[in-house]
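We just call them A, B, C and D in the order they show up, numbering each chain from 1.
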Amino acid sequence: MFSFSEASQQYQNSLSEFFDQHIYPNEEHYARQLQQSPSRFAAIPLIDELKAKAKDAGLWNLFIPPSLAEFCDHQGLSNLDYAPLAELMGRVLWSPEVFNCNAPDTGNMEVFMKYATPAQQERWLKPLLAGDIRSSYAMTEPQVASSDATNIELRIEQDGDEWVLNGRKWFITGAMYERCAIFIVMGKSDPHNSNRHKQQSQVLVPRDTPGLSIVRPLTTLGYDDAPIGHAELLFDNVRVPLENILLGPGRGFEIAQGRLGPGRIHHCMRLIGAAQRSLELACQRVTSRSTFGRELSQHQSVREDIAKSFAEIEMARLLVLKTCKRMDEVGPKAAMDLIAASKISVPLMAQTIIDRCMQMHGAGGLTEDYCMAEAFNYARWCRQADGPDQVHQMALGKQVIKRYSA
Amino acid sequence: MFSFSEASQQYQNSLSEFFDQHIYPNEEHYARQLQQSPSRFAAIPLIDELKAKAKDAGLWNLFIPPSLAEFCDHQGLSNLDYAPLAELMGRVLWSPEVFNCNAPDTGNMEVFMKYATPAQQERWLKPLLAGDIRSSYAMTEPQVASSDATNIELRIEQDGDEWVLNGRKWFITGAMYERCAIFIVMGKSDPHNSNRHKQQSQVLVPRDTPGLSIVRPLTTLGYDDAPIGHAELLFDNVRVPLENILLGPGRGFEIAQGRLGPGRIHHCMRLIGAAQRSLELACQRVTSRSTFGRELSQHQSVREDIAKSFAEIEMARLLVLKTCKRMDEVGPKAAMDLIAASKISVPLMAQTIIDRCMQMHGAGGLTEDYCMAEAFNYARWCRQADGPDQVHQMALGKQVIKRYSA
Amino acid sequence: MFSFSEASQQYQNSLSEFFDQHIYPNEEHYARQLQQSPSRFAAIPLIDELKAKAKDAGLWNLFIPPSLAEFCDHQGLSNLDYAPLAELMGRVLWSPEVFNCNAPDTGNMEVFMKYATPAQQERWLKPLLAGDIRSSYAMTEPQVASSDATNIELRIEQDGDEWVLNGRKWFITGAMYERCAIFIVMGKSDPHNSNRHKQQSQVLVPRDTPGLSIVRPLTTLGYDDAPIGHAELLFDNVRVPLENILLGPGRGFEIAQGRLGPGRIHHCMRLIGAAQRSLELACQRVTSRSTFGRELSQHQSVREDIAKSFAEIEMARLLVLKTCKRMDEVGPKAAMDLIAASKISVPLMAQTIIDRCMQMHGAGGLTEDYCMAEAFNYARWCRQADGPDQVHQMALGKQVIKRYSA
Amino acid sequence: MFSFSEASQQYQNSLSEFFDQHIYPNEEHYARQLQQSPSRFAAIPLIDELKAKAKDAGLWNLFIPPSLAEFCDHQGLSNLDYAPLAELMGRVLWSPEVFNCNAPDTGNMEVFMKYATPAQQERWLKPLLAGDIRSSYAMTEPQVASSDATNIELRIEQDGDEWVLNGRKWFITGAMYERCAIFIVMGKSDPHNSNRHKQQSQVLVPRDTPGLSIVRPLTTLGYDDAPIGHAELLFDNVRVPLENILLGPGRGFEIAQGRLGPGRIHHCMRLIGAAQRSLELACQRVTSRSTFGRELSQHQSVREDIAKSFAEIEMARLLVLKTCKRMDEVGPKAAMDLIAASKISVPLMAQTIIDRCMQMHGAGGLTEDYCMAEAFNYARWCRQADGPDQVHQMALGKQVIKRYSA
């Protein structure tokens, strides 16, 4: 088996205790607060209470790796060490924010840590690390296949001492959330540069900047993912000062690549947790319900489904752990084959397993009475969130063919 | 191929024209009205306008079979003749109500036609046939496996000249809808009868009867299916006059079986339409989008997905048509094998195909911008709506084993 | 349902009786004769006895369609009418030869009927129709992707009053069989013709022609398909008289297309029968075996597998019947979409179902004690035999995309 | 990643070199010798040559674990350390015998090491360890579900100073092989013992004992697995001296359980190698073949298949490695969940991947020209060889349900 550092093991224990004491018992409470919230995208008071508790328990900013440990109160956790923690957080979809470990803020904080000036860090990173504000990363556009970042069309033009932004973005996670204060926006500042990877820049746009409007929240399979949400945004002559650029003009693509580092695999880690919890719920269900004179657990088909799900989760988990280990050892670029393998396998596996587990719960399994329906949506969405399955399959396929046909 | 009557062919043509003129062009309009509705479960003005048009066009109550033609203005349509019409309606999920052909009202109207007294018909069937009121069928209960109707626990007790109902129901489709005026409620009136199929009765409960309360709307995969909806209901000493019983005490199971007749296969017919439309959308998408330098339609994997979907829809459609034909010829009981075969095949097929077609649309495919996400939910829900897949597989498996091992 | 002509129904009855009396009771007998045969590819005496009986019973050359009825003693059977007969023959893999309905002779006889001169017909078609000799169709070549017929490389050159053939062929079904007397050989006679479809010719090569040698029998999944077999052939300066050409120089592609007509779908018809019989065997098995204290038939997983298989066979059969009907009405070219849909669906479906049924038989299910292992190989092989699945998916996908994106 | 001992790493290197020098270059040679062999089940001279070379290279009896290292010339290899070696051997199906690591001899040698008397070891184990004779383990019976060992019916009765055996066995691997000298036979010596696990004994039966006859070789999917083979055996008053019993009367079940130890997972290890090699062959094929104007490797569907296969192999391999590690740490009994997870996942995964890779090779992929068809049969057979998938799913399902529903 993969061996975790002592620090990771301790975190696994305390996080697990925290879930037993503060997360699982509050799931209904959370649902009620969200339902009764004045706005779908308002902050949930319970989350703030739990954040305070998590900070007290030292369960804060656990996503930060050793190389960036200066930004946190712990020594940094490698991908491998973080994986079981993220898996645990995947069991309750809203829980990562409690530990300041939710997407897209984790990736955005990494961008600030790695590419921002001290002034930018002071202004935005500090409150992000403290959990006081939230952020968004505005990359994807409705009119182009955004899985190829060079397709991005939002225009960033210099006009005097300002950048002027014009364009449209969508699936901008977190943008609906009332606490979202800052957008990192990728666009084209030099569209005619002969080097297609130098055409882009990334600039910081505070939420209340004139010209920036939220067109609408988007749903996936009927879920709005409130209060964090996904938004469609319009940039209509949005102006920000020149110093709001990250790294400098023409370096947007480079930042985009850098942001894909560790964060790349966090969804997969969490999906393992979502699938594992669904399996556990199914095991409890089938021992508490009878049909046609036998407990569900005694039907051979139920046992086969449970057995298959167990084996599939175990395999997916091992693949993710190996991917983490490799990323820790050789960096994300050299681990691209395993990263892609995880991405094409884990979300689809999770979707299939959760579907199976819902089915064992009868009609109720599809409702909000269980966490599975929303987890199903999460798994399904992840098959697009970071590029469609097919794009990762293409890239991985090419690489494997090359490796073995040489 | 299966041959449809001339009447059916004419209806296919006019219904298709009606869709072109009035349904497809109004899809956005409908979505907007629903979104802006003061209540999720209020009636949608557009529907009323379209209902008037459908009546004018003679496209009304098409679900009524020849044997019940006295209740409608046409000669009745056999299952086979109705199938292509229902398929067409399946292309737009909210459209069946326009033609007074939506679940659960169709099944309920059949119950009234077949089992109600003239007085009951006058009071409830007439406005249902006119589309003026809506109805619900309250069968499923949260605490028991309701796919076995003998498990139903809601109590129906006589007290003087009234029936008194106590119990809980859920997944009661249509109960949320503000136009829902009447509930057909199945419960146990004689729980100790040695004949398990004589313990049940069905009584009519008007919506505003004291003691009947709507606990909450239920969602499936995040969808509330507004404005029709699915409700959880509480019956707390609900009292109705003795004449509100259908057929008579102890005949509830018999009615439940009878209700399963033609209606049994309507979901499958509509799901063919939902899958077919998703396929057509996918074909349009892949010819209007390019990635990595080629139109999507030129990727071999896209062609394989389209080809598989085409073949699967064709097979599912043929199975449904054969099932209809058989039901027309020998009745639903003797066609049980094909009915079960349709039920275990069509919803899962539709779910798979729609999932594939959504994926070809990128992230947008999961949103409300297309009809696919909601159709996906419909297909998934149908794998439970009329009993879980597994129950139909069990019944069919037993029957096939018996047939061939004799 | 599809309606068969009275003639077809009578044939179905007599063929079914013939199977009960002469085929099923002889399965072990056949296996023993094959096993004890002096050569793997010698004729089996039992087949000759049964052929005589089949002729007597008027069950002979049933594959011949109405348009070619002059060549047989019946009125010709449409594709739809022939389908249930071929399905029945698919239940016992060696049975089609008994009725002179086996591949590749059926396709070859069609070629002779449609494209041969009276002299050629007299010399070869007559004994083929009588079942006295067998034939082969030499198309596929090992070194090129032969699913695209224009890739064929075998050279046919005129030298004086002879054609001289040089090249290599493989997967030449029937070539191993000792009764095989004539090869129809496709090759390039005019490789530089600017019209790629005019470069090919087809010539008749008697088996004992000098220069023609059988390199080896080929196996698929370990089966040699004896006594008919698949061969690799070498043509080394093989010389035949000029009159041995079919239709004329440059018309080889045209003949190849014509040959694909009705025969196209015969494999699919037979595979339905092979799958259906496997299902029936499974039903008998699960009622005659107990594990862990219960009859196999009582395991829910077994019932689910049986139910799924039943539904899948039913859908596949309907698709094949619809394809036949369409071919009868509009010809094979206009029915190309359904033909392709059948080809990509039926063999894979049969492979899956037979695999499931073998599994229900325990280890014995994989052996020669049952017909399933060989039927599995037949289904698997059909996914290549007439072009790989992927080629049909490509063609169908293109056509469907075009249809719906217009 | 899992870390292998230095010894294992060295063996991996030398074994890999040995394959490059002696195994891969001899594959055609082996096929030819087998084909030209006077009998299907005669020893192959090439194997003897290679065995000598393997011994010289110190690549002998690698399956022996540290706890039994006294029986070999190395320190013993843990399951984890042996796994990559067995994977390598899985790339060429006949190769394990070269290293004296083939089933069923490895399991049988373990039985002799753990349960035999010094005299029995001297007589049978010594030549087995030297590779001079081969052995069989006669457990499975045609008439009972042998996955439950208590069902075994072969009778073992004492008569004077002899055991008398009567019964029938099948799927007795190795029994056809001319070098097979000794059978370990499980039967019932005390059928009325109230403890169902004390009814069985295991006795040693030399091959030439009167009354023991080979009924026939069995095939799976058309393969006879020559020269090792699977046999059906008849025991007709077979007599052996009393000292031929292992451990003592009534201890047969105990031995059967013990034999399932490490050997349990060897098939899975080898199947990883078989799948991996098929994937590599597919990569080579798709870069050397063009259809419709493009190299196969450039088709998106091909890349998707390759990518999926890569990910699935990686996951399966990790599961097997984790299972090995756990077996090494806690013993096979406590690792039962992972062992079952491997068994239900790996053979089916291998079957699917190999099927896909064959398909990418066109019709030729199904022939003896590649190792894939035979490897496909091996994977399919493994889904029965050590108990059907369903039995392992049942056991695992029960265990997982219990774990999570507590």
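Criterion: a contact is a pair of C-beta atoms (placed from the backbone, for glycine too) under 8 Å apart; a residue touches a chain by one contact, two chains touch by 3 or more.
As the structure is a prediction and not an experimental result, all values here were calculated from the model.
When every chain is reduced to the mean of its CA atoms, the largest separation from subunit B belongs to D. Each of C-D and A-D has its own count of C-beta contacts, and the greater count is at A-D. Rounded to whole angstrom, the centroid-to-centroid distance between subunit C and subunit D, based on C-alpha atoms, equals 37 Å. Centre to centre, using the average C-alpha position, subunit A and subunit D are separated by 44 Å.
Residue positions of subunit D touching 2 or more other chains, listed in rising order: 300-302, 304, 390, 394.
Per the touch definition, subunit A reaches subunit B in the complex via residues 140, 142, 145, 147-148, 170-171, 218-223, 289-292, 301, 355, 359, 362-368, 373-374, 376-377, 380-381, 383-385, 388-391, 394. Within the complex formed with subunit B, the subunit C residues making contact are 1-2, 279-280, 283-284, 286-288, 297, 300, 302-308, 310-312, 314-316, 318-319, 322, 325-326, 337-338, 340-342, 344-345, 390, 392-394, 396-398, 400-401, 403-405.
By the touch rule above, subunit D contacts subunit B in their complex via residues 299-302, 304.
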